[in-house]
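Across the two complexes that follow, chain A remains constant while its partner is chain B and subsequently chain C.
Showing the complex of A and B:
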């Protein structure tokens, strides 16, 4: 059982190591990486199925103690439904990006170990989703950050280096805040095991009346974690690094980042503020509510004024993060289920849109929306236009695609809580998203190039007459991701059941604690702690 | 003045100096600022592990458990990991900055406006 939980971390790491051994041959690395991607996907599917069938009603929690050290002392890996779903999404995005990279990423970058780096990133992401230990989470964050730094600056183009400086600086600052918060948390609670923390903070809140000093320290630490993860997940007002850097690397890299990296931050927010810091939800989750609304609005307004394909999409990442945080902040079973549904929908759609942006760039010769492209994509490559339409409409929330159901659940949850203003904001942001998507559609896909432009390119009359052929390995991943989007939309019922079960698990920290620490450990630990307060 | 208080002042000073340096326009000061902040975070972990006069956390011969008072070894292990990570990250950051300086021809962060809109 424990090997299964380790596999999503081991497979990418081993693939990366094998790729390093073959550092002279990018072709071998490429083949190995795609193979490793399929391996990771298989492991993720098996893991989710095992977690789903592990208990009755469906949805168990699988636990593995590394090195067989018992729970609060060693490093624990935990796969609950939420973690397993995230691993599966990471595997899907990773595989799609790896296949797309074969044709999209240029040879110099492949020679500089592009493929092993992607796998190290995937190992870090999967590790972050599966770990049950705060410090281990920090280490996983650093693993994925370091490889993302290199992937972002690989190639050393001017814009890339400039974007990388901003990205690295803010992420390092966030890591320092994370580390400080972990240190204070250890000093106060005496443990860094998430399950143990959950139990201890709950019992500290029980003993005091909520205003005692220890509970106050936990709230301070909670806010530090909120800032640290807020920077990583690009919420208002901490998002400025994202639109400054995500449009600079190759399209495959930005698709990988857009799909996964901010969502690791959102994952950590949801994990911490459902499992550990639930002692003062009136304070912490109200702040999250404000943050969510402002993130949605600023993101979508930022996108409205942008005129570059990937910058528009980058700002939309921010506004979509707002929806997920809104689900967490409402903190009802329906809202958390909505947040989980939203993440499932969003990762697939967002990665796909960035991949389509890459093809649009190839066809038009530019990513700027206010400059005429070489070809009208709609008339020269209608299939690409359709493949853009599916994720774009899903992002905006047009039924029956996946985004519609995700938004529906969240807005319904807000109305149930009588927070009509937030429901209204979510609706309006959806309309504004539709506006941005139609802007991209009209400018990049529909508009024919002006005639004089076509005549004004005498140096390459042959290629100007016919659009460049789009490689199958570029179209394949996009078509697969679009198919998943449609499937999530049409099979919304089963996906929603999965999200609901996940939400029930997330809102029941006691179940997590019991799975990790064992049934009677908790009582023994609290009795012992009353005698020795300091660690 | 006890050591705990001194450490607290030191950590606060490191964070303040680090943030001040990050807010300066020079890209080199940015690196130094980030280094100072990561030192501050490491010392913070050290301080929150309690600075006490106690024996090493080794189980004496013939015994089965630790005898208090003993020092907590975990913060040191955490700091060691964090130091290694921040070393690697800073090394990367220096290479990045030197490449950026050569490519962009400036060390002034105010002039890095190409990727903003």
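Showing the complex of A and C:
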């Protein structure tokens, strides 16, 4: 049982390790990496199935104690439904990007250990999704950030380094805040095990009905974590690093980042503000609600004025993050289920759009939307155009694709809470997203190049008359991700069931605590608290 | 840089630093020390060599590429953790043996030692990769 939980961390690490040993041959690294990607995907599927079918309703929670040290003292790995779903999504994105990289990433980068780095990043991401310990989460964040720093600046192009500096600076700042918050939390609560923290903060809040000093300290720490994870997940007003850096590295790298990295931040936000910091939801979750609405609106408005393919998509990441945070902030079972559904939909779609952007760049010769490309993709490569249309329409929320159901659930949850303004914002942002997607469609895919008057020009090279062939290893991952998007849309019922069970689990911290610490720990901790004299 | 003072000093300092790094590595289980700090001490000696004699001669003296050192180290650390998994225990559980050395007292050898050696090699490899590529700029 415990072996299964560590596999999603071990498989990428072993692959990275073998890749390092084969540093002379990028070909072997490539083959190993794709194989490792398949291994990770298999492990992730098995893990999710085991968690789903585990005996205890509603959905089991698998726990492993690293090094056999018992729970509040050692490092605990926990796979509940949410964690297992995130690991599966990371595995899907990882595999798609790895296959795409074979043809997309150039040889110098492959020589500089590109493939092992991607696997180290995946190990960090999976570790962050599975850990049950705050400090271990910090370590996993550092692992994935350090490899992302290198991946972002690998190749040392001018624009790349400019983006990397902004990315590194703001993410280091976020890590510093994260670490200080963890320190204060450890000083106050005396533990960093998430389950233990959840139990202690809950009993502290019970004791002092919100007004006692310790509960206040916990709220301060909660806000520090909110800022730290807010920077990582690029919410308003902390998102500036994202559109400044995501359009600079190779397309495969930006797809990996767009699919996974901000979502690790969102994952941490959801984990912390459903499991640990639920002692003062009237305060913390109201702030999240504001943040969510502003993130949605600023993101989509930012996208409206951009005229570069990946910059438009980058701003859309921000506005989509807003939807997920909205689900968390509403804090009802339906809303959390909506947020989980949204993450499932978003990771697949967003990674795919960045991959399509890579192909569009190859075909048009430019990523600028306001400059004419060499070819009209719609007439020269209609398959690519269709493969763009699926994730793009899904992102905008056109039925019956996955984005429609995700938005529907969230808007329904907002209406149920009588927060009509927020439902309206979510709807309008959806329409604005559609506007941006049609802009990309019209400019990059539909518009034919002004070739009538240029064809006869003598300086036009002959080869430019025919569009470059698109490798199958580039199209394959895109088609597979598009198929997953369609499948989520058509099988919205089962996916929604999964999200609902996940939400039930998330909103029941006691179940998590029981799974990690055992049945009688919670009662013992509460009894011990009650005996202490009030400060 | 071509300084006789630095080159002469390095000839004496490098072996000393390497020996100290190994001592710190092995005393780390019960006393201050361990793989990380030992790796840094060892790497500082090699970095000194790189500054005194140039990165090219350091690469020749090392014979092994830093990437291989990293890979071997990572493999050792991972392997020490996986050892427990093959015995049906959770990852990274320490497993100890009593090694009977004839004529000497028994030595306790365990997987945490291999883990520390792995960390040592990873740190050494990473720092050397960074220092050498900076010196070659």
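Here, the second predicted complex is superposed on the first by the 512 of 535 C-alpha atoms of A that agree within 3 Å, B and C clash if a C-alpha of one lies under 4 Å from a C-alpha of the other, contacts with A are read in each partner's own complex, and residues count from 1 in each chain.
One rule holds for everything that comes next: a contact is a pair of C-beta atoms (placed from the backbone, for glycine too) under 8 Å apart; a residue touches a chain by one contact, two chains touch by 3 or more.
Small disclaimer: the values here were computed from a predicted structure and weren't measured.
*Asks:* I'd like to know which partner A:283 touches here: chain B for first, chain C for second, both or neither.
*Replies:* Touch status of A:283: no partner.
*Asks:* Identify the partner contact of A:6: answer first if only chain B is touched, second if only chain C is, both if each is, neither if none is.
*Replies:* second
*Asks:* Applying the document's definition of touching, compare chain B and chain C: which contacts more of chain A?
*Replies:* It is B that touches the greater number of chain A residues.
*Asks:* Taking the superposition as given, does A:20 touch the first partner, chain B, the second, chain C, both, or neither?
*Replies:* Only chain C; A:20 stays clear of chain B.
*Asks:* Kindly classify A:52 by the partners it touches after superposition: chain B alone (first), chain C alone (second), both, or neither?
*Replies:* Once the two structures are laid over each other on A, A:52 reaches no partner at all.
*Asks:* So in the superposed three-chain picture, is A:67 touching just chain B, just chain C, both, or none of them (first/second/both/neither)?
*Replies:* second
*Asks:* Same chain A residues contacting chain B and chain C, which ones?
*Replies:* On chain A, no residue contacts both chain B in one structure and chain C in the other.
*Asks:* So in the complex, the part of chain A that touches chain C is made up of which residues?
*Replies:* 2-3, 6, 10, 13-14, 16-21, 23, 64-68, 113
*Asks:* Per the contact definition, I'd like the list of chain B residues that touch chain A in the complex.
*Replies:* On the chain B side, the touching residues are 22, 27, 30, 34, 37-38, 40-42, 44-45, 47-50, 68, 72, 74-75, 78, 81-82, 85, 88-89, 92-93, 96-97, 99-100, 103-104, 109, 112, 114-117.
*Asks:* Along chain A, where are the residues that touch chain B in the complex?
*Replies:* Interface residues on chain A, with respect to chain B: 135, 138-139, 142, 145-146, 149-150, 153, 156-159, 161-166, 168-169, 172-173, 175-177, 179-180, 182-184, 186-188, 243-245, 247-248, 305-306, 308, 311, 532, 534-535.
*Asks:* Along chain C, where are the residues that touch chain A in the complex?
*Replies:* 65, 67-68, 70-72, 74-75, 78, 82, 84-85, 89-94
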